[in-house]
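Below: the structure, in C-alpha cells.
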Amino acid sequence: MQLAKQSWAQIGEYLARDDRVLLPIGATEQHGPHLGVGVDYLIAERIAAEIGARTRVLVAPPLAYGMSQQHLEFAGTLSLRPQTLGAALQDILQSLYRHGFRRVLVVNGHGGNAPALASAATIVQDQFPALRIKAFQWWLEPAIAKLVDEALGAQQGTHASNHETAFMRAIAPDGVQPERIAPRDAPVVATGEFDSPTRFRAKYPDGVMGLAPLRADAALGQKLLEASVALGVQLVEQWS
Amino acid sequence: MQLAKQSWAQIGEYLARDDRVLLPIGATEQHGPHLGVGVDYLIAERIAAEIGARTRVLVAPPLAYGMSQQHLEFAGTLSLRPQTLGAALQDILQSLYRHGFRRVLVVNGHGGNAPALASAATIVQDQFPALRIKAFQWWLEPAIAKLVDEALGAQQGTHASNHETAFMRAIAPDGVQPERIAPRDAPVVATGEFDSPTRFRAKYPDGVMGLAPLRADAALGQKLLEASVALGVQLVEQWS
Amino acid sequence: MQLAKQSWAQIGEYLARDDRVLLPIGATEQHGPHLGVGVDYLIAERIAAEIGARTRVLVAPPLAYGMSQQHLEFAGTLSLRPQTLGAALQDILQSLYRHGFRRVLVVNGHGGNAPALASAATIVQDQFPALRIKAFQWWLEPAIAKLVDEALGAQQGTHASNHETAFMRAIAPDGVQPERIAPRDAPVVATGEFDSPTRFRAKYPDGVMGLAPLRADAALGQKLLEASVALGVQLVEQWS
Amino acid sequence: MQLAKQSWAQIGEYLARDDRVLLPIGATEQHGPHLGVGVDYLIAERIAAEIGARTRVLVAPPLAYGMSQQHLEFAGTLSLRPQTLGAALQDILQSLYRHGFRRVLVVNGHGGNAPALASAATIVQDQFPALRIKAFQWWLEPAIAKLVDEALGAQQGTHASNHETAFMRAIAPDGVQPERIAPRDAPVVATGEFDSPTRFRAKYPDGVMGLAPLRADAALGQKLLEASVALGVQLVEQWS
Amino acid sequence: MQLAKQSWAQIGEYLARDDRVLLPIGATEQHGPHLGVGVDYLIAERIAAEIGARTRVLVAPPLAYGMSQQHLEFAGTLSLRPQTLGAALQDILQSLYRHGFRRVLVVNGHGGNAPALASAATIVQDQFPALRIKAFQWWLEPAIAKLVDEALGAQQGTHASNHETAFMRAIAPDGVQPERIAPRDAPVVATGEFDSPTRFRAKYPDGVMGLAPLRADAALGQKLLEASVALGVQLVEQWS
Amino acid sequence: MQLAKQSWAQIGEYLARDDRVLLPIGATEQHGPHLGVGVDYLIAERIAAEIGARTRVLVAPPLAYGMSQQHLEFAGTLSLRPQTLGAALQDILQSLYRHGFRRVLVVNGHGGNAPALASAATIVQDQFPALRIKAFQWWLEPAIAKLVDEALGAQQGTHASNHETAFMRAIAPDGVQPERIAPRDAPVVATGEFDSPTRFRAKYPDGVMGLAPLRADAALGQKLLEASVALGVQLVEQWS
C-alpha cells in the first residue's frame, strides 16, 4: 500500500472508493551513542507500513526530517526549524486535500514535531473544513505506556532509552550498537524549562534521557510494534 | 553507510576522518499511469546508496518530497511550494555544516527541485563560505544522455518516459504497471512557457512527456543505474 | 512590580540585581455564552501580578492575543495565526535577552499558545544559550488538577467549564453572566482529531467543553488562584 | 464596553445592531528615566475605554507591544519587529472582519506603529473591501496640538516630554517618577535620518526628546485626555 | 555618476574616497488619465541623477516598483506588497553596506513607499549601526510646499494633480496627455480612513486627488525640479 | 510602448485589444573591471524596448535588481535574496493579471534570476491558470549561441566576457572601459559546484568568467541585439 509505488491512475481509482491516507513523519536526530539517528522516522515508517498492509489504506512516503533543534549539539542531527516543518506539513496536507483525501492519520514518531503539526493542522483545516487530521503517537498511547510499565517498571527512561531501543532491536537491529550502551544512572528531571541545544547536552551528555537502556530487547520491541499497529488499525478502521 | 543507522557517536568518529556526505532528494509526483509516484526519490535514494556503499561516504535520509506544483492535477502528487523546499534544504545544509560536514553531494532525482536547491545553496554558502555543495542529476550527465541516445534514439521522451521507466524496472519493478502503458505519440514541444498544473495536464493528458515508454526494459535501467553510480563515485572521490 | 509602570532607569537598576521576569500571555477567545472572551489573558495577568507582588519579580505587560483559530466560528474570538504568535514571542524574548533578562517565566493562560511558545523558545534559545524559559500553565499543574478533582469530581469539563468559570467569578465577576449558564450535558470526547473551527462549533455548539459549569463558585476560584500563585512563587524562587 | 468581559453570545447580539469596534494599540518602550515603559499602551487603552464608555462601542483588548526597535538600547523596551506587528494587526483585523465588524477605529498610542498599521490595513482591505479602518493618534490631532501649544509654548518637546508626562500624571501617577526629571536642554533636531538604536541613544542619552518635562502637570494631562476622548467620540459617532 | 555604468573596479576606487550613495525609488502606479504610470520613479530617477551630477555622488539604479496596493483598481498599477518592498529595500541596503557605503540618501518619489522604507531602515540599522539612511521626499520639503503654494494657491490638489503634472511636463512631456485633463472639482477630503482599492476608486474615479491639474505647466515643473535638486544637493553635501 | 509613459486610461484601452506585455528584468552585478554593473538590466531593457517598438506590445519598467548573491564580493553588486526576488516577481505578475494581462514575456538579462522566476511563475500560475508566462533569455537561444560561436570560436567565455562586452559596446559604450581589459587566460571550469561569494572571487579574481573579452566589438554587439530582438518579436507575434 505504498503510495510511492502506485501511479496516479491507481491512486485515482483508490480515491474513488476511499479517502484515508497514512502519513508517517519522524526525525533525523541523535538517540544516544547506541542508536542510529533515524530511529523516529524508521519506527513511524514501519508502523504506518503495517497499518497500511492490514487496512489497505495508502501510506505516503515518510518525511524523514523533523524538528530537532534541541539535539543539534550531537553529530548527525539534521533539523528543520519549527516554521519550516510547519510549512512542509501544510503543503503536503494541502496536496492531499486537493486530490480528494479527507482523513489523514499522521503517524508521528517524534514528539518534537507535535507543535509544528498542530500549527499546520490549524491553518489547513481553517482553509478546508472538510479535512480531518489525526495524530498517532505510539508512545503516548495509554495501552503502550502500560505495556512499557509492565516490562520495565520505573526503569524506562524516555528519549533513546529502553522503549526506543527495544523497538529498534525489533525493526532495525543493524541500527543498534549494543556495545555502546554503558550502565549509567541519569534520571530525567522534569524542570518545566525549555532546553537549548547546549543545555540539553549538558544535562544528558550521551543523549539518552533516563537510565541506560540495558533492559531493552527485541521481544519487547516486537510487542511495542504489534500493539502500536493494532491501535493504529483500530483508529483507521473506526474513523467515520 | 546509511546515516540513519549510525549513532551520533559513530557519526562523530566519521567526521574526524571525512567531511563528505550524500543527500538524496526527490519528489512524490505523478509519472504517468504506469509508474509509482515515488520514482524521483526512489531513484535518488538508490543511486546515493550505491555511491555510499562504494566510497564509504555517509548517506543522509532521502527527502521524499520535492517541488511538483506543475503536476498537482494528477492524483498522488504531493508537492512542497518552492519556498518551503528551499527552507527545508537550507535547514538541512545548516545542520550538516554545524556538525562539520563540508562537502555535500546532493543527489537530486527531480528537475523541479533545481531552483529551490540553487536558492538554498546561495543563502547557506553566503553564511558559511567553507561549505561546498554539488548537485548530481543523473539525467543531465552527458554520459547518461549518450547512453540513452544510443539505446533509444529519437524515441526517448522526457518525464516518465523510457529512461525513467527503464530505471524503475531495474530498481523497483513493483512500482511499474506495464499493462497501463499504451502505444501513443505525444512528442514534447518546448514552448518556453511555464506550465500551470491545468495547462500541463491539458498538454500531457496521461502525464508522460514524449512517446510511450514501450522500449524501456530493466537491462537499460541497470545500465543507467551503473553509469550514474560510476559518475557519482568519481565526483565524490575526485572532490578535493 | 508592573514593568509598564517602571522607567528604563528603574528597570536598569532591577537588572543589576535580578535577571528574572514574568511574561503573562493569554488569548481573546470565546469561553461559552457566559464568560467574557478575555478569560485566558485576564487569568494569566492576575496570576502573574500576584506572583510578582510576592516575589518582587518584574511582570511584563500581558499579551492579550493568542492562537485561537479553532474558536473563530464564535463571535469575538480574535486570533493570531500560529506563526504570528511565534514571531511575537520570539521578538519579545529577544528584547528581554538584550536587556539582560535571563530567566523568563511565561505565565500562559491558554493551551492553544503552547505550540507557538515551544517553537519560539526553540529558536531563541538556539541563538542565546544563556536564556532560560519556563512555561507555567496553571491548569496542567498536578496540584491544581487535584484541587479541581476534589471540588468537582467527574463534573469538571475543560474549556470554559467549571474551573475557568470559578476562576473568573473570583477575579472578574463582571466578566461572568451566570444567567446564561444552562444545565446541559455535553461530555468531552477526545477523538485525537484536530478540530477545524466549523467542526469545533458543531461538536460544542455553545462553546463549552464538558458539563455546564453549574458548580463553579468564587470560593473555588479563589482557591485556584491562591494555589496557582503559590506554585508560581515556588517556581520563581527556586529557579537557580 | 470591554470586549474581554463580554461573551460570544453578547458580542453576537452587539453585532446584530452595530459593526464598530475600538482597537487600542501601544508599545512597551522607554519613555525617559521618569515614565513607565507602558506609556503608549496605557494611554491608548484609557482613551479607548472612555470613548467606548460614552459611545457604547466595544473596545478590544489592548495590544501592549508595538514596533520600538529604535529604543532597544534602553532597558525594558520590548519590541516587535515591523513585520511581526504587521502580521499581528492583519490577523486581528481579519478576525474582526470574520465576525461582522466593519468599522475599526485603531486607537494608536505609538507613532512607531504607523508603518506596520498602514501595511496591515493595505493588505486586509484589499482582501475585504467592505472593511473600513481609521487610525486615531491623539498627538497628531490639530486640536490637541493647539492645546499643547497654548499650555507649553515652545517648550513642549516630543517623545517622553511634557505632553506624555502630563497625560501619565493624569491617568497613571504611579507610573511617573518626578524625582528623576532633571532640568536639561536637549532640543530635538530633525535630521531626516533614520536612527539606529545606538544612534538614538547617543542623541538622546536619557531617552527624552526635547526639553525636560518640568512643566507637565496632571491638570494638563486631564485636558489632553478629555480632548482626545471628545475627538474620538466624534470620529466614532460621525462615521457613516 | 550612474552606478550602472561603473565597473566594480571603478566603484571600489570611489569607495576609497567616499561612502555616500543615492538610491532612487518610485512606483508604477496610476496618476490620473493624463500621466504615465511611471511618474513616481521617473521623477525620483531624474532628481537623483541631477544631484549625482552636481555632487559626484554615485546613483544606484532606480527601483521602479513600489507599494501601490491602493491604486490596483486602475490599469497599469504594478504593486509590490508592503513586505516585499521592505525585503527588497533591506537586501539593497545590506548589499550597499557590505561594500562600504555608509550614507544612503533614498530619493523616494512615492509616499506609499514610506512605511516599507521605515521598516527596512529599522531592521538594517539595528544590524549595522554604522549605516546611516536619509529619506528625501521632494513634495514634503517645506521649501517645495511653499513654492507650490505660491504658484497654485488653494488649487494644488495632491496625487496626480498640479504639482506632479507640472513636474512631468518638465522632465517627460511624452508621458503627459494634456487632452485627457478635464475641468473638474473633486477636493481631497481627509477622512483618516485607510482606503481599499475599490474605495479609493469610488472616491477618485479618474485617479486624481484634488482639482484637475489645469494650471500645471512645464515652467513650474522646472522650478520644482531645480528646487528639489538644490535641496538634495544640500542634504548630500552637508551630511557629515 | 513604455508602460511608464502611458496613463491608466491608455493602458485600459490597450487591454481592450491586447493582453500581452513585456517585462524586462536584470541585475546590478559586477561584470568584470571593464563593464558597468548594470549590464544585465540595461541589455534586457533595450531588447524589450526594441521588441515593444516593433510589435506595439507594452513594455513594463525594468526591474533593475536581481539575484546576484554569488557576486557580492565585488563592489557595486546589489543583490536581492532569492526569496525576495521571487516575491517581487509574484507581486508584479499578480498585478499584471489583475488588470487583464494574460501573456507575459519576461525578458531576463541575468541567469541568476531564473530560479526565482521559475518559483514565482509556479506559484502565480497555480493561482491563475489563465496566466501564461514565457522567459526569454537571449544568450540561451540556439541562434544567438551559433552567432557567438561563429564570431568568437572557442574564445567566447561566459559571464562578462566577449558576448556581454560586445553587447554593451553596441548599446551603452559609456558603460565600457576598454582600457581595463587585460589579456589573460582564465578558462571557465565547470565543477558542478555552487559557488559562494568568496569562492567565486577566488576562482575569477577580476570577475570575468573565461578569456579576456579582447575580441568583443560593437559590430558583434549590434548583431547580437538584432538577433535577440528578431527572436523576441517572433516569440511575441507567434504566441497564440
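Note that the chains take the letters A, B, C, D, E and F in the order they are written out, and that residue 1 is the start of every chain.
Definition applied: a contact is a pair of C-beta atoms (placed from the backbone, for glycine too) under 8 Å apart; a residue touches a chain by one contact, two chains touch by 3 or more.
Only a predicted model underlies this, so the values are computations on that prediction, with no experimental measurement involved.
Chemist: What is the set of chains touching both chain D and chain F?
Modeler: E
Chemist: Which other chains touch chain D while also touching chain E?
Modeler: Expected: no chain.
Chemist: Starting at chain A, what is the smallest number of hops through touching chains needed to reach chain F?
Modeler: 2
Chemist: Among A-B, A-C or E-F, where does the D-E interface recur, judging by over half of the contact pairs matching in residue number?
Modeler: Matching pair: A-C.
Chemist: Interface overlap for chain A and chain B, more than half of numbers shared or less than half: same or different?
Modeler: same
Chemist: Could you quickly compare E-F and B-F and let me know which has more C-beta contacts?
Modeler: Higher contact count goes to E-F.
Chemist: What whole-Å value do you get for the distance between chain C and chain D if each is reduced to the mean of its CA atoms?
Modeler: 25
Chemist: Take the average of all CA coordinates in chain B, do the same for chain F, and state the distance between these two points in whole angstrom.
Modeler: Comparing mean C-alpha positions, chain F is 29 Å from chain B.
Chemist: Using CA atom averages as chain centres, what separation in Å is found between chain B and chain D?
Modeler: 55
Chemist: Mind pulling the residue numbers of chain A that touch at least two other chains?
Modeler: In chain A, 72, 81, 83 touch at least two other chains.
Chemist: Can you list the ring's chains in order, from chain A toward chain C?
Modeler: A, C, D, E, F, B
Chemist: Touching chain B in the complex: which residues of chain A?
Modeler: Result: residues 2-12, 15, 28, 30-38, 41-42, 60-65, 72, 74-81, 83-84, 87-88, 90-92, 95-96, 98-100, 172, 174-175, 177, 180, 207 of chain A touch chain B.
Chemist: For chain D, which residues count as touching chain E in their complex?
Modeler: Chain D reaches chain E through residues 67, 69-70, 72, 81-83, 86, 114-116, 118-119, 121-123, 125-126, 128-129, 131-136, 191-199, 235.
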